[in-house]
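Each of the next two complexes has subunit A plus one other chain: subunit B in the first, subunit C in the second.
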Partner chain A sequence: MPDVKLVGLKKSYGDIKAADGLDLEVKDGEYLCVLGPTGAGKTTLLRMISGLLVPDEGQIFFDGQDFTRMEIEERKAALLSQTYALFPQLTVEENIMFGLDIRGADEKLKEQVLISMLDLVRLSGRSDAYPRELSGGMQQRTALARALASGADLLLLDEPLRALDARLRISLRIELRSLVKTLKMTAIHVTHDQDEALVMADRVAVIREGRILQIGTPKEVWDEPATPFVANFVGQSNFFTGEVLQSSPFTLIRTPEGTVLKGRPSELVTGTTAVLGVKIGNTDISKDRKGYLKAKVERIIFEGRNLHVDLMMDNGQRISSKVPSWRKGKIAPGDVVDVYWEESKGTVFPMPPNGLENELKVE
Partner chain B sequence: MDSLIKAISRKRFRTGWTAFIIAFFLFFVILPTVYILSYAFTNWGSIEQYVLNDPAMLDLIIDAILASFQIAAIVTVIDILVGLPMAWMLVRKQFRGKALLDTLIDMPLAVPTAALGFSSAIFFAVTPESLAAPAFALNMVTSPFLLIVLLHVVFSYPYMVRSLSAILVQIDQTYETAGRTLGASALSAARTITLPLFRAGLVTGIILCFARSLSETGGTMIALATMANSGGFATGPTLIGDWKHDLGINPDLAAPLAFVSILLIVLSLILLVVIKLVIMKVHLPMGRIWPRPEKLFSRGWFPKTKDGLAVFFLVVFVLIPSFFIFTYVGSVESSSFDWGPFAESLMFSFLVAGVVTVIDIALGVPLALYIAKNRTGKLSEVLDVLVNVPLIVPTAALGYSLGVFWTGQNIIPTYDVLLIILAHVAFTYPLVVRNVAGAVEEVDPAFEETARTLGAKPVQAFRRVLYPIIKSSILAGAIMAFTRSLGETGATQAVVASAQTAPVYIVNLIKLQTSSGYYTAGLACIVLIIVSFMFMLALRYITNRRAH
Partner chain C sequence: MVEVRLEGVGKRYGSVVAVDKVDLTVADKEYVTVLGPSGCGKTTLIRMIAGIIEPTDGKVFIDGKDMTGVPIEDRDIGYVFQNIALFPHLTVENNVSYGPRARDLPPEEQVRVSRRFLEMVKLLDKMGMLPGELCGGEQQKVSLARALSSGSKLLLLDEPLSALDSRVRVDLRYELRRLAKELGLTTIHVTHDQEEAQSVSDRIVLMRAGTVVETGTPEELYTHPKKIFTANFIGETNLLEGWVLEIKDGVSVIELRNGGKVKVNQSNHPVGDAVVISVRPEFVFLADEGMRAKVTAITYMGTYWRITANTEDEEEVAFDSVTYDENLLTIGREVYLAVNPKAAVLYPRPEDGVQEAIKLE
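For the complex of A and B:
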């Protein structure tokens, strides 16, 4: 059950940098989710750890040993791919036993492992079936059992739930995590689905353009985003720019229109330009109470549990808010409402060097 | 076993093995194939002396080469005209007997071209008295040029139909349906929407037909020997075959031989590039639509006539000539037949084809894996192009070039068998590589990658995961290589003039121009057809099973 350490990994394909100085530490027995948009370098990261790809620069350590150029099969790092890659000519049983067969394990051990694995993934009745005869969920569980039975210590999961339908995907999240935890394996799980990452991970690493932007517990990443990108990618945010007036005990910034907004304390220098980000779920609106600023309701989208409200501020900027559905009758398009948030829910960032728009772009 | 697997899994061994495979391909396949080109630089003097300064010789060569290319061009055009409706029918229409028609198309592929040449010539051509052709033979063609065109259509037709239908299957019919819901008639939709999507299939079909026609030696020689008066007509490959035979007595022929080979190789390679460019780049004015006439031609008698003619052509110009040999052997008076020499030559052919197939598989599969798995690499791209070279170069030129190459070096002993095997490897190797590379590219790389992360060494991952998936393609490639080797005449004769493989034996029998010679040749052809046919059935069985 290794800890994995990546130091300054670089990999480029022509002009595209899939890994641009990746540093990452995964603790022994940890379930780490790597979260990022398509093209952020998630798969490249997994392929370098598994050995399918050799980095241009940097090192990979397993338990302190340099494994950068170690053969794929010596790493004990099993990959579970998006498509599962169940061997079509082998039955469920033969697929699960593949790793042990290769290593020439003795029959007794094999039988033991097989029975416990089939039991674990609830496929005992289907051991003679071929992959094509299984449902998506069963295929997923077979692939998982195969990876677990191979004797691997490290599990690399490449969007393992992607090909499943929505309901199954949600129910398998908890199941997958608890299986890995039971077997005390280290897992690195790559996904672009923020809900999946938040629910499953011990820690979440947010990746973009081949670099880790932030690593922390789901709560940390959600409540204390390190950059505007993280604030927006993990739960949508509204952003306001302005000049820093003070930075403690809470931060005050003044927008060009003269409105003063409040956020958590920061270390920003007074007088510099800053960005204040507030999750749309933490952005509240009201007709009765006084807020930081006023905005006009443009449209209201009913989402079941919540209402998604799009608003237009006086300066022409659009923002959004999520409020509980029971407030449906109380607001209507055209209303002018006050916008406010708890100061602890506002995070302040220095103005990104490339501008806010570039910072938020999801490629 | 374990230590063996460990040893061959080492990185250094793997790199070495890959280097060896690529070296084999370059040194044993590509280099000998085009080696003769160097003759133009080293022996330009003798080419000037024996060819360029000898107008009779030069005329002879130019006539033969011109005839070769004219025949190939005419044959290809005919194949397109009659192959397209047939391919269309096979893919798009449902009718009774479709499965039968589908099988019939492939029949000529099962007949070795030597047998095909004899069979077609008896059917089409005016033949000498001693042959005693049956009264119901067509017995009309007196022009050797026309006879060769007809013969080449017989064996290239299936290639065209197969290439076209392979692409047609992949073209989604919904485009055409969409066109028709927007008001286009069936013909307009097919012509303006589907046909332009066809180019890839057309390129493959044209190149295959052209190359096969340009390359054909045995069938052409036999057909010319069978007809009553061929008047010294020759094509490029038959010149090579004849001259190589006479080279022993007349060493002056070395320069003309090299010259013909060089011309064939260079022109065929140029042609390959030109065909590709022309078809992919030139836009035919397909967009214009004539709604009224096209609507008229979309229903009623026109489509029916078109389909009827396609079937008629298949029967009269392909199937009957292919199998006319059976009626011939059945109808003439039997003469005594000495099985001994033929059985010997057949055994020899089998031995060569067997060894060739084993070499092709052992060294071709690794190259195919390399090409398919390193798609983005420069080297792999170059190899992928080079693999086509031996498929395009006429086999007689290839054989002569290879013979000159190996006898000129003192690297390996030049036993006849060895030279013949090397020549056959050169032109069958690409068949295996293409087949297997194509199959490997279809397989999701995630299979092998996952196997590796589960602890399999590279050999184990191949053996247990990839191999079972591509097994049938390897087998299909092997059978193709085997039958091609079994039927080959041009390369065999060009590399060793006195070789006694079964097709060469038949050629020599017919050249005797005696009744018993013809009869014996006929029987030998039938044996060869039956043997090849069994392999063909095996191939169909395997590929069909793969499809399900």
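For the complex of A and C:
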């Protein structure tokens, strides 16, 4: 059960920097999710840890020992890649037990592991099937079970739930996490799905362009985003631009229209241009209460527990809000509403050097 | 006007029934999603509407015209595939103007139409690029613009967002619906993603194992699902088994297998009947009495906390709380949980058990 430490990892493919100085510490027994868009360098990161790829620069430590150039077999790490390679001539059961077979586990343990793995991945009725007889999702689940059963200490999961149906994915999240915890493995799980990361991770590392932007508990990453990108990628955010009036005990910014908006304290310099981000789920609207801004309701979409409300501000900017569904009937398209948020839910950033639009690109 | 009507449309492969006689009318300008787990027949269904697959039973009507034997190119539809299928050697603009070219529109009209749709999907500035130079979400927007530029008022979307990152998917959902409504399109959209279906649809057709389970607006299927399968598939829910203990003034008291008692504002099951209650996590709350359970997990969901607790007979109950006080709630703590009687729905206990009734495949 190792802790893993990455120091200054770099890997380039021509001009593309897949890893651009990655630093990361994963604790023993921790479930870490690496969250980022396609092309952020998530797979490269996992392949370097697994030993499939040698970094151009930097070091990888397992339990304090330098493993940067260690053979794959020495690492006791199981990588579940997106293109899962099952043995076509072996059944589901034989594929899952392959890792345990070569480690000479006793029959009773094997039986137990097999039953719980088949149950977890919902393949109990298909243990005698061959990979070609299974759907893509079932093959993915077989590969997952094999990685879990391999007896590795470190589990490297590359989008393990991506190939699955949305509903199945949701039910497997908790089960996968609790199984990893039961087996006392350390897991590094890369995903592009922010809900998955929030629900599964002890800590989330947000990655973009080969660099870790922020690492923290799901609550920290949600409530105290380090950059506008993080604020928008982990849950959607509304952004407002303005001039900093003060930065403590809370930050005030004034928009070009002269509206003053409030957010958490910051270290921004008075008079500079700043961006205030508020999660759409923390952006509340009301007809009765005074808010920071006024906006007109464009449309209301019923999404189960919430209503998704799209709004148009006077300056032509579109913003959104999510409010509990019981408020249905209290607001309607065409209504002019007040928009507000708790000041602790607003995070203020310096204006990104490449402009806000580039900063927020999600792919 | 584009109305799509299916009369007993089905597809059999030998003895295997992929789709079992579906009746459905999609009204002019309506946005309908066909939702269901893998293998439920939803893709086969949309392909039969498109004319890619011939039905073995029933008929497809578009605008009242029987489409039997009519090939896809003569059905006047825009079709977007799950796997982005652009011409890699053509620029974005030439991909989009493919439809107008095929319709033999004059060259200036081809340019006008394709630029109009590129503007709608906000890709005018990238029209000179090749598809390979765009990211996935942009490529799929080009596919959409190409489907729309054919001039058809019927749009068929076969898992159009499945290949994209989830964050990109969320943004595109709202854009898809906006575009379909602005252009007054009749849209049929196939997906396995219930959140996507809720966000884009006027109406959802939920399928399972080749048959339609239930049809309704997103709100109907979320708040008053007629089937247990629907309750579980759309949104998250707690399914608790019990018996009707008494009925008074339209309110049933249910004695749960987990030992608790809860009230439900529904009285259509007689006293003594075995029932299942479906109640969503946002309608379960901490109380002084009710179901006794032990907290097993506390997860931050951004705007609320999701708490799971196990009852004495190991039934798992999930509930949501907007606030979370570490002094009141910790893992291992015993709590009592109550249910909002207005928001719970009762079902007869399924003969083969609850697990069988909600099974995804």
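Everything that follows uses one rule, which is that the second predicted complex is superposed on the first by the 312 of 363 C-alpha atoms of A that agree within 3 Å, B and C clash if a C-alpha of one lies under 4 Å from a C-alpha of the other, contacts with A are read in each partner's own complex, and residues count from 1 in each chain.
In this text, contacts are C-beta pairs under 8 Å (C-beta built on N, C-alpha and C of every residue); 3 or more make two chains touch, one makes a residue touch a chain.
Since this is a predicted model, take the numbers as computed values, not measurements.
Of the two partner chains, subunit B is the only one that A:Ala152 touches; subunit C does not reach it. Contacts of A:Asp193 after superposition on the shared chain: subunit C is touched, whereas subunit B is not.
Looking at the shared chain after the overlay, A:Pro55 reaches neither subunit B nor subunit C.
Of the two partner chains placed by the overlay, only subunit C lies in contact with A:Gly235; subunit B stays clear of it. Considering which of subunit B and subunit C touches more of subunit A, the answer is C. Of the two partner chains placed around the shared chain by superposition, subunit B is the only one that A:Ala77 touches, whereas subunit C remains out of contact. Contacts of A:Phe87 after superposition: subunit B is touched, whereas subunit C is not reached. After overlaying the two complexes on the shared chain, residue contacts for A:Gly216 are found with neither subunit B nor subunit C.
Common to the subunit B-facing and subunit C-facing surfaces of subunit A is no residue whatsoever. The touching residues of subunit A, when paired with subunit B in their complex, are 50-52, 71-73, 75-81, 83, 85, 87-89, 98-99, 102-104, 146-147, 150-152, 156.
Put simply, subunit A touches subunit C in their complex at residues 37-39, 122, 135, 137, 165-168, 170, 174, 192-196, 198-199, 217-219, 222, 233-236, 279, 281-282, 301-305, 308, 310, 322, 324-325, 328, 362-363.
Residue ranges of subunit C in contact with subunit A, taken from their complex: 37-39, 135-138, 165-168, 170-171, 174, 177, 192-196, 198-199, 217-219, 222, 233-236, 280, 282, 297, 299-303, 306, 308, 320, 360-361. The touching residues of subunit B, when paired with subunit A in their complex, are 2, 9, 11, 444, 446-447, 449-457, 460, 464-465, 468-469.
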